[in-house]
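Mind having a look at this structure? Questions to follow.
Per-chain numbering from 1; labels A, B, C, D and E assigned in written order.
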Amino acid sequence: MSQAIEREIDRSHMTVSDEVAIQISNMNKWYGEFHVLRDINLTVNRGERIVIAGPSGSGKSTMIRCINRLEEHQQGKIIVDGTELTSDLKNIDKIRSEVGMCFQHFNLFPHLTILENCTLAPMWVRKIPKREAEETAMHFLEKVKIPDQAHKYPGMLSGGQQQRVAIARSLCMKPRIMLFDEPTSALDPEMIKEVLDTMIELAEEGMTMLCVTHEMGFARQVANRVIFMDQGQIVEQNEPEEFFNNPKSERTKLFLSQILGH
Amino acid sequence: MSQAIEREIDRSHMTVSDEVAIQISNMNKWYGEFHVLRDINLTVNRGERIVIAGPSGSGKSTMIRCINRLEEHQQGKIIVDGTELTSDLKNIDKIRSEVGMCFQHFNLFPHLTILENCTLAPMWVRKIPKREAEETAMHFLEKVKIPDQAHKYPGMLSGGQQQRVAIARSLCMKPRIMLFDEPTSALDPEMIKEVLDTMIELAEEGMTMLCVTHEMGFARQVANRVIFMDQGQIVEQNEPEEFFNNPKSERTKLFLSQILGH
Amino acid sequence: MTTAIDTPQDQGFRLSQLIYDTRYRSITIQVIAMLAFMFIAAFLVRNTITNLANLGKEIDFGFLFNPANYDINQRLIEYDSTSTNLRAAMVGLLNTLLVAFMGCILATVVGVVAGVLRLSKNWLISKLMTVYVETFRNIPVVIWIIATMAVLSEALPQPRAFRGETPSASMWLWDSVAVTNRGTYIPAPVWGPGSVFVVLVFLLSLLAIWAFNRYAHRRFEATGQILPKFWINLAILFVPTLLVFFLLGRPIGLDLPALKGFNFQGGTMLRNPMLALWLALSFYTGAFIAEIVRSGILAISKGQSEAAFALGLRPSRTMNLVILPQALRVIIPPLISQFLNLTKNSSLALAVGYQDLRATLGGTTMNNTGRELECMLLMMLIYLVVSLFISSGMNIYNKSVKLKER
Amino acid sequence: QDSSTLAAVKERGVLKCGVNPGTPGFAAPDASGKFVGFDVDVCRAVAAAIFGDSEAVEYTPLTSAVRFTALASGEVDMLARNTTWTFSRDVDLKNTFVGVNYYDGQGFMVPKDLGVSSAKELSGATVCIETGTTTELNLADYFRVNNMDYEPVPVESFTEAQNQFLAGACDVYTTDASALAASRASFENPEGYVVLPEIISKEPLGPLVRHGDDNWGDVVRWSLNAMIAAEEYGVTSANAAELAKGTDNPEINRLLGVEGELGAMLGLDNAWALNILTQVGNYGESFEKNIGENTPVGLARGLNAQWTEGGLIYSPPFR
Amino acid sequence: MSSQNTPLAYVRKEMLEQQPAPRGQVGVAKWMRENLFSGWFNTALTLVSIYVIYSLLKAVLPWAFGGVWTADSLQECRTILNDLHGNTHYACWAVINERWNQIVYGTFFPSSEYWRTHIAFVLLILAILPVLFDALPRKMLWITAVYPFLMVWLIWGGTIWGPVSVALGFVLAYMASQFAGRSLGSGLTGLIAVAVALIWWFFIGPSVTSGLNKVLPLLHLQEIQSRELGGFVICVIIGVSGIALSLPIGIVLALGRQSDLLIVKTICVGFIEFIRGVPLITLLFTASLLLNYFLPPGTEFDLTLRVIVMVTLFSSAYMAEVIRGGLAALPKGQYEAADALGLDYWKAQRLIIMPQALKISIPGIVNTFIGLFKDTTLVFFIGIFDMLAAAQAIRANSAWNGITWELYIFIGLIFWICCFAMSRYSQWLERKLRTDHR
């Protein structure tokens, strides 16, 4: 997978604007008695590419799932694109249609073709005519380099292709923010490359991205910030170079020694 | 994987006798209309270690599966250890108990412990008392270096360990010939080494072996003959050094350039 | 290397090859199986023939065309005691099919509701449904049928309880429904002049609904607009029909049941045997269907609904567009075999005296004509045909929805 | 028939007799689970004739709807199950009725408070009727001929019919008058029910066997006749043993096996009839014991009196 | 690159501790809110179900617990209830008490012989336990092996020789197979074994048995006719025999259906589809009324046995389908590995394929068992005096005329306990097997 990153990445478009895309302040979440997320504070500007790392069970998934309200937080505030996430259904709908999400296991709809997977949400949520939705879908499928698979079913595609369809499916909703939850960890090494390439392209186009991943090569080259979480807290954040070469906290050092060591 | 081969291999015992172990002459096989094996002629002497290579779908698996009649051939002759393979059940039983086979996916019996896996066939086919069968089994499990796993179930072992159990299981039948069908291709790199080591040891002891594999390092160091197949035919065969350094056929050159290149 | 070893000579065919040669062996086994099968069949047939000869009987289906001479209380087609045995069998078959059909519908409704509620986040309701499922499916259906019948005939009032100055029982729903221990009497429509038009309009509005849904779908695809289909459908279904109904001066009247003589007269009577059989079969099968529905929905991973949510689909749309289409594939095959079971279990009509196929052809007709062999064979054949019909439907469905995989 | 029923029965050691599952007085299990009754006595008589042991019977309770099938398929050797002798049952169903042990007719029973006093008032009534009986067919005819309509409630068995009738699931219960009496007698409150005066059919009830084994038919026929004749000659269970020492009535002598070889002609022991009479008793005794006026069923002899008493019960001579 | 104002670098100085969740996040309040009152719809559902439960319990509990347990007739029962409560809206469990024997043993079973059923029942449990729980000593399986013969002897009576002779058939078959197995393939061996057993059972055994019966009437128990069996006892007899027999037959049918021998396959498919296509009740009628037509004139064939055969055939067809599913789920590699090791068809099936296929099919198999056990109630319709027949007879009896609920609740409860236990056992086994080898 290190191959994937070895090409020269054009960072010129990856500008970060002043506009705030996501603001999380003093957010806390419990599962029953268990305090999963503790006092999270995070501001993400438009165009930022953030990689979230941390040991298993540290709450990374939970945090990004809170951002599009797949999980409910109990204290604090999350403001996405100027809209606060409350239990107000309208807000949730609004935010969900602006935030795309890619899961570890793709979660494509197996009973629909690739094209139908991509047009479903635009048609039913954005109420875009079928014709137009299909055009958009084909556009993004071309972008992820699998337009020829459009009429196949997910079961007929390889894992890497499926994950790319999942990305295309999110993009069809024209989201302003993309969340990735370990998008490559269910894949074989060759397939990882395909998917990371696609994500790098997205980054190059200036998409705001939050990505939970342990692909440190990717983090190093694409992210403009790496966040390290442990025990439900943000322990350290920094620019990738600094983060990898000069970690401040003990926890981070330990973690990095482990993942880089092996 | 090249690591696996880097140790000095003792070729001194690997003598090849004059005795014929397997003789295949003018063998042809069809799947329905499809002509998979075309006019195969091959003589394997006792003690030979033959590696079979070739592109996917070239009929490698089919050929070695014909040798213990997992597949039926339609024309020509296969004589194993002096017994011709016909549809006579007695011959088949006899040959199967002299030919051990290792599959790509191990095919261990998940409902039996490792030890039971190894003693099953000796007890039921060779009618060896349980005690004795277990002793033999432990002997071979030691040989493949996993005697301590004897009472576990296959599901609890790693892939490499499972493949070694599969080898031990075949050996317990005290076969005179071993067939391997891509024994390492379902394994992670580290595990490949374990398995190849075991196979090398077998080779050192003078076992007649036919092995479908793309581990060219293994071929180079252990095999005394490499056979290249394409489109159901034997295209080229030679000693490993000659085969790798000086391939005669265009197909072989092309193939070698691909697998050595990547 | 040495030259080839001597190959064994071809010795021609040997007898031992029949056992040891895979090619002949399979033929040997098949021939033995065939012989055994034919031997058993011949044995049975021969015995039957001798036994029949001893009795002086012969297989003859002529009795089907003789008058049946008995009455059947529930008739979906014209029948009286002078009709033929064949017609009696038809009446019985229709009764079987009727109760099976209604049973399948009610069982599906009950099962789907219970299955979905069992998944409900509401602890109380899901436990309640668990209790329902576990009670019904662990007790034999015959007991349910008999117990339901016993309760219906012993706990409900007799028709005469409705009589007198101070009746101890009264009718329901503004005196239009009478629930008695013989059956439930409900109003029946009376088709006055002009009712044809009402029916016609009703059929037309069904057509209109179909057309409207197509239109709505096209429009949705073209413009992305979603029409409030449900309400419009409802309106199309009822408004024109009701309009015509009142314009024509209410041509369709209701024949209300009223106590006359021994019983209620008028209206339609749903006899207790049928009710008992129907309810018991439905609730029993419903318990199985509930489990099927539940596991069908559970079989769809949580990831699917999360993915749909993440795309911004609302829960109801997620259910309709993502979960249900997938769950149905899992649900329908076992559902259909439950329908099959229900249909076969309807032969337990025996327990309550519902006059189904078994009671007519395999009961009274068989007894009156003494043609037990013919009647039994015919009856089994009919059940077999019905079953095969249902299961071939299932196979067609299975083929059509199989998920495409590589 | 290559294996005669008599031989098979002897070989087996028990007589398989199809009986009604539960009509008090005619055939019903008593408190200890043993079948007793007027019809059962016919079975016992046959067993006594064959084995000299009236208990060597295996009773098979049969509903009306399956009795002929059971007989035809050899499930039972004979039926003694209040079965009406009709033309089609005899000829078309290939049965042999060996006699009549009870002359009956079909009646109707209604709850008293229904206020019905004649069957002609039953138009529109709900009628409980056992399926597979002559009464089912008679009912259809009767109502059709009289231009009345009715709602049949078909039931499988006598007990079920009784349950339904008592629960008020039907207004009328119709079957053989004798069974009506038996049923009524078992009610908690018999006075609440009346049997209507109309008898709408002839129901000669008797035991029957399969066609085609005349010898076996004779055994059953003459076992019944022995009981009937014994009553006529005054042979009872009490005096049979005494009379078997010889009397001056040759008919009795032949009957009890003192004279002649009647038993041997049937393929039985010569004491066959003696066994019947000592173990089961004569017709009149059986009648009085099971269904007579001093029993709960309380039937008068009526038509079933000996011909000498003005009834129809008449045995051909033992000669 | 990011020269923006956001202070990117951030390091947490000290780690936060677990904090208790805010109120309403934990405890009863949260549980209630989430599970009972989340949203108006859920609240409505909760209220409705509370009402339903309340009215059910209110109707049932006093009725059931206020009932009378000893009385000799419904009349007496009602009198007692009237004295107790002033009305009769209470259960009259006395009927179960009073008619216990009839419900459990049937009307005709001689009461002096009840002890035999008790012993048979206890032995049954002992015989089943080692099959159910492999933690028990394997030696106990001997009880299981001997049990069928013991049970036949205990229930039907007679001398011990009949069952012994049948058992001897099995022993002979086993010996024959051992003897033949040395030289012949196992398929043929099986045939020979079956032939030996059949010859013994049909030709030699009966005469030997009757001879022994005369000479040495060992352990003679009063004979009991099948007709005399009834109640719960007959249910258990038919259910257990059917369960024990339908599994092997189902396996054979499933193998036949999977086989690539066209004729064998066609016969199996035909059989399975026929059996599954007709209602059990018609098969039972055939067994009880028509079977004699198909047998040589004069054959006697015990009714209970016939019913067992039919019930067994019926559920073995379903069993075959369940097992076929399990077979289909096995990867092809398992067959190949068995072949490659030189195991022949039957050994491969016995040692490799079946153990795995059966394990996969456990839920289906147990469901079929449950179905079979429930189907034993249908014997009521062919005149066997089971619990339902007992209930009907009791209801028709003038002493208990008018009783319904109590009887059916009791019978239902018996079935419920058996079936529920079976399904729980299968779930337990499934869980155990799942964790076993991982």
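Note that a residue touches a chain if its C-beta (ideal position, glycine included) is under 8 Å from a C-beta of that chain, and two chains touch if they have at least 3 such contacts.
For clarity, every value in this text was computed on a predicted model and none was experimentally measured.
Enumerate, in label order, the chains that touch chain A and chain B alike.
The shared contacts of chain A and chain B, listed by label, come to C, E.
Let me spell it out: compute each chain's centre from its C-alpha atoms, then which one is farthest from chain E's centre?
That would be chain A.
Point out which chain occupies the most central position, where each centre is the mean of Cα atoms.
E
Among all other chains, pick the one whose mean CA position is farthest from the mean CA position of chain C.
B
Write down the pair of chains with the top C-beta contact pair count.
C-E
Report, in whole Å, the distance between the mean C-alpha point of chain A and the mean C-alpha point of chain D.
Their C-alpha centroids are separated by 89 Å.
Please work out the Cα centroid separation of chain B and chain D, and write it as a whole number of Å.
Distance between chain centres, rounded to whole Å: 84 Å.
Indicate the whole-number Å distance between the mean C-alpha point of chain A and the mean C-alpha point of chain E.
Result: the chain centres lie 53 Å from each other.
Go ahead and note the Å separation of the Cα centroids belonging to chain B and chain E.
That gives a centre separation of 48 Å.
Hunt down the residues of chain E that sit against at least two other chains at once, touch-wise.
In chain E, residues 185, 285, 289-290, 292-293, 297, 395, 402 touch at least two other chains, as defined above.
Please list all residues of chain C that touch 2 or more other chains.
19-20, 51, 54, 154, 350, 372
Which residues does chain D have that touch at least 2 chains other than itself?
1-2, 66, 69, 73-74, 160, 163
Sort out which chains touch which and give me every pair.
Final set of chain pairs in contact is A-C, A-E, B-C, B-E, C-D, C-E, D-E.
For chain E, which residues are in contact with chain A within the complex?
Checking each residue of chain E against chain A gives 1-2, 4-6, 8-12, 15-16, 18-22, 25-26.
Tell me, which parts of chain C touch chain D in their complex?
Residue list for chain C touching chain D: 51, 54-57, 69-73, 80-82, 153-154, 158, 160, 181-182, 260-263, 265, 272, 350, 353, 355, 359, 363-364, 366-370, 372.
Hey, which residues of chain E end up touching chain D in the complex?
On the chain E side, the touching residues are 75, 106-110, 225, 227-228, 285, 288-293, 297-298, 300, 383, 392-393, 395-398, 401-402.
Hey, which residues of chain C end up touching chain E in the complex?
Interface residues on the chain C side: 19-20, 26, 29-30, 33-34, 37, 44, 47-48, 50-52, 54, 117, 120-125, 128, 134-135, 137-143, 146-147, 150-151, 154, 340, 344-345, 347-348, 350-351, 358, 362, 372-373, 376, 379-380, 383-384, 387-388.
Along chain C, where are the residues that touch chain A in the complex?
220-226, 301, 303-304, 306-314, 317, 321-322, 325-326, 329, 403-406
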